[in-house]
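Given below, in the form of structure tokens, are the structures.
Shared chain: chain A. Partners: chain B in the first complex, chain C in the second.
Moving on to the complex of A and B:
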């Protein structure tokens, strides 16, 4: 009886935006008389940080400090349409909507400043809340002064609106699945190594570390990206080892009904997590961003399963990999029942789980 | 650029960590009633009698909402995509999963609402239930779904299977040195947001409804509420945008429509907050996936072809399952280029809680299956797991299962980066690899025809 260590690898890819696209987001922006910026978007912040990221995009694009931006996603009367915060779409799709709205605001600021400074707008730039003449930074006026002039001198409202829609991709041949255009807005990539300890007496698996490399296009806010990746890693660990709504499936009883009967990962299970962020900017995302929200829990379950095989030489392919399943697999191995069927070129694992072992209504095979 | 890319603090972070953010549960309205639901105690049963008379007559009860109060009882989550609805907002004459809502009571207190639910008289005729998707195709299986049968049968009109076909799978199997098959089964899990499903609906003096919502998608939920209530979008104001965790579980609009109906029927503001038990036992969760993979591989480590069968356990109703399966089919080669494909996918119904979106929808279980299978194949070939993955990694202008050219895949780069971070020494050839279009040794004959052009992201 001993504790065995193992390492396992997994690589994943994941789309940004709804599958087959066709998921619009819209935004509009107004500027107060002192140059402060109000963003209206229908994008819910579910803890993913979309209020923060969209405010950063607006501040960057207009050229004002981050704390000049107020973000209002509070209701559907004042905020325009957003498909929603899911499908890893908020930063890319909704971010593009606020980006376009902010570009319009910047143009209107430049137009008013041009009249005030009597200089062609093409020769002006906006940065840090100030409009200045390119190459002659001494000649400038604040965005607050521009907004004041727009309001009280020119009788104008500085606004912008933006909408983003990746056009819907149709399946043009349902027998082959061929589509007429890209069915995603971008694709993110990641790879993960899990290091585990497996106790061959109890079947208990402890994840010691998760090391992960992500290409997420561009990190709009590295702290929030790391938060997504760390949170996703722990969720992936729960999926791989712990959580199951139907623990005795196909029996539908025995469902956990609370935090004491359905165990999600806690600090007790938290492994060491080490992340590497790579930036390979997307062609269509705001400032090169791609989605990161969802894929961050996809690589760990397989990496853990592969690490368990590395440690004790058994494959568990029914999830989660509970101690019971590990012990059953170890028993099968010691009794010589764990090898796949090998016949000529064929290596067939898990035949006892296949639909072929349950029904003749659906025929399936090579 | 100084703002984008900066480690700025979360916009609303201080409020979240000091308990001062107003979530839906914090909304207080004068005269607010509290709601509770009557839910099915059976997995599959006909409702032969439903009598709310005694409950409605109880002191402190202001409204009992049943199927008869819903202007449009059945509205599909994917109606906009042409997929018919199959799920009644409240069960009418049949319950198909334990926990399915039958009635909602609005009362002065939660305790009164719960007591009134207990006073609703329901007679059931219990029927056999089905839980294992592998048995759903059998001729003598109980019929689960009135609209679609036991598996969804209306892909692009009339197909009962989501198919991917690419290249020549038979030729790939014939040419293979090894044919490796495996079966992968991932489970149902709950999203477990800290904030359970919760809603406050307020009938306004001008006839409008204000709905404080925990939805992840305010406009989607606005559409769902307005469809069931048969109202123009001008009559409903969704107030939300600050959500106490969702992870996919708050797209379903689980509480808004019924709370709105109770508010309209009672004429008073109504709050409905699900208990943790309800969240665990009755809210949509991540669906299980049954996946069988057969890979045709060469002894030097190329994946020539993949045959795959996927059965997605939707639970009792469709919700987003067809979307999830289609997305799954589009990604069933994972991060690799496999030129010959034969994929069959089914959405099968069972008498379980309808499943819904969760982080990684359609792909989390798939990535799990693909990557354990990749490891098995590499081990069977006696090949290094990095080398096997890097060799087959998707590259610029390789094409996806549905024939879209990859614009800038990073599979090669993330693997190299991970190897460096974990002290794994890759050989010179693997270290020098890039995402750029295949050539030389990395462009064997079997990958020539699949190369596309004009980057598709």
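Moving on to the complex of A and C:
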């Protein structure tokens, strides 16, 4: 009876947002007479920081200070349509919508400033809340003055609207599965190594470290990216070792019904977590962003399962990897009836298996 | 029943077996203690009773008659935040915020009791608090920094030691 150490690796690739025309986001922006900017977008901030990141995109694109921007998603009547906060889509899909709206606002600010300054808009630029003549920064006026002039001199409202929809792809060659355009908006990649200790007497597994690398596109807000990835790592640890939503699925009555019966990792289980964040900008995302929220908890369970095999030579093929399952696998091995590793299923854009075909008017039954 | 809540004397009218959590939230309108599992499992309702962290959901108000109760509202003001509050801001130790109030209260008791900056000790002390967003990494950094005696600039965010950034050369822009 002993404690064994092992290491395991797993990788994940993750497409950003939903695809195939099923996942629109819309946004609109208005500028108040004092130059302050109101953004109306439908993605709710559930702690992921989407208000912060979308406000950053708007401030950067228009050329005003971040604290001039108010992000309003207070109700579904005043906010435009958005499918929601899921699928790692808020920064990418809703971010693209506010980016397009902010570009329009910038054009309208330049148009009004052009009349005020009697300079061609092409010779003007906006930065830090000020419109100035390119090459002659002394000749300028504040965005607040432009918005005031729009309101009280020109009788205009500075607004912009934008929308984004990841485009749908159609199969053009059924034999090869070739599609006419990329079926995914942007794909993020990650790898995770887990180092574990397995007690072969109790079946207890302790994760010592998780070392991870993430292709994140661009870290629009590094602190928020780190928070998502640290949080995902611990959630993935929970999926690997502790969490089982529906142990007798589809029967639902055995599931944990509260936070004291559905156990998630605590600070006492926290392994050493090290992240390498690789900036590899996407062509379709705002400022090169990709969606990294949801993928951040995918690789850890498989990496932990591989590390357990490295440690004690058994494949545990069901999550969560509880002490009971580890001991059962060890018993099976010692009795010479080891469970083989399950073969994965290779799927290369099979139309029958691709459930996101919103455009083909297909109904998906049970 | 009489309670001193955040240094203010309050008279409580709720039935004696009401939970302290219910009294604070429903009668006294102090909403920082959160109703999570309401059975002692998650830590979101934690408050200080005479300086000690307690699950307010499991504490009958009659059992703490005459006690001094402190919630996050009593630790600092927006203009004059406590050191633990400053650390949580500087280290970005909150995401959705649901667990944050209970953790700040418990961390205040931990460092107030002379708790060390050792991550194992902090993990042991705060393991009764579930957080689903942060992965605990930045919470641990914040509490360790308070225990070390760091000072905090709440206008800036600390860089986190466990992250390395790599820019891919020639990447698409």
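FYI, the second predicted complex is superposed on the first by the 311 of 366 C-alpha atoms of A that agree within 3 Å, B and C clash if a C-alpha of one lies under 4 Å from a C-alpha of the other, contacts with A are read in each partner's own complex, and residues count from 1 in each chain.
Here is the rule we use: contacts are C-beta pairs under 8 Å (C-beta built on N, C-alpha and C of every residue); 3 or more make two chains touch, one makes a residue touch a chain.
Given the structure is predicted, the values throughout are model-derived calculations rather than measurements.
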Partner chain(s) touched by A:83 [first = chain B, second = chain C, both, neither]: first
Chain B versus chain C as contact partner of A:230, first or second or both or neither: second
First, second, both or neither for A:55, with chain B first and chain C second: first
Of chain B and chain C, the chain that contacts the larger number of chain A residues: B
Which of chain B and chain C A:244 touches, first, second, both or neither: first
Interface residues of chain A shared between complexes with chain B and chain C: 46-47, 49, 215, 219, 222-223, 232, 235, 258-259, 264, 274, 276, 278, 280, 282-283
Chain A partner contacts - residues on chain C that touch it in the complex: 36-37, 39-42, 92, 95-97, 119, 122-124, 126-130, 132-140, 157, 160, 162-168, 171-173
Chain A to chain C touching residues, read off their complex: 46-49, 215, 219, 222-223, 226-227, 229-235, 258-261, 264, 266-268, 270, 272-283, 288
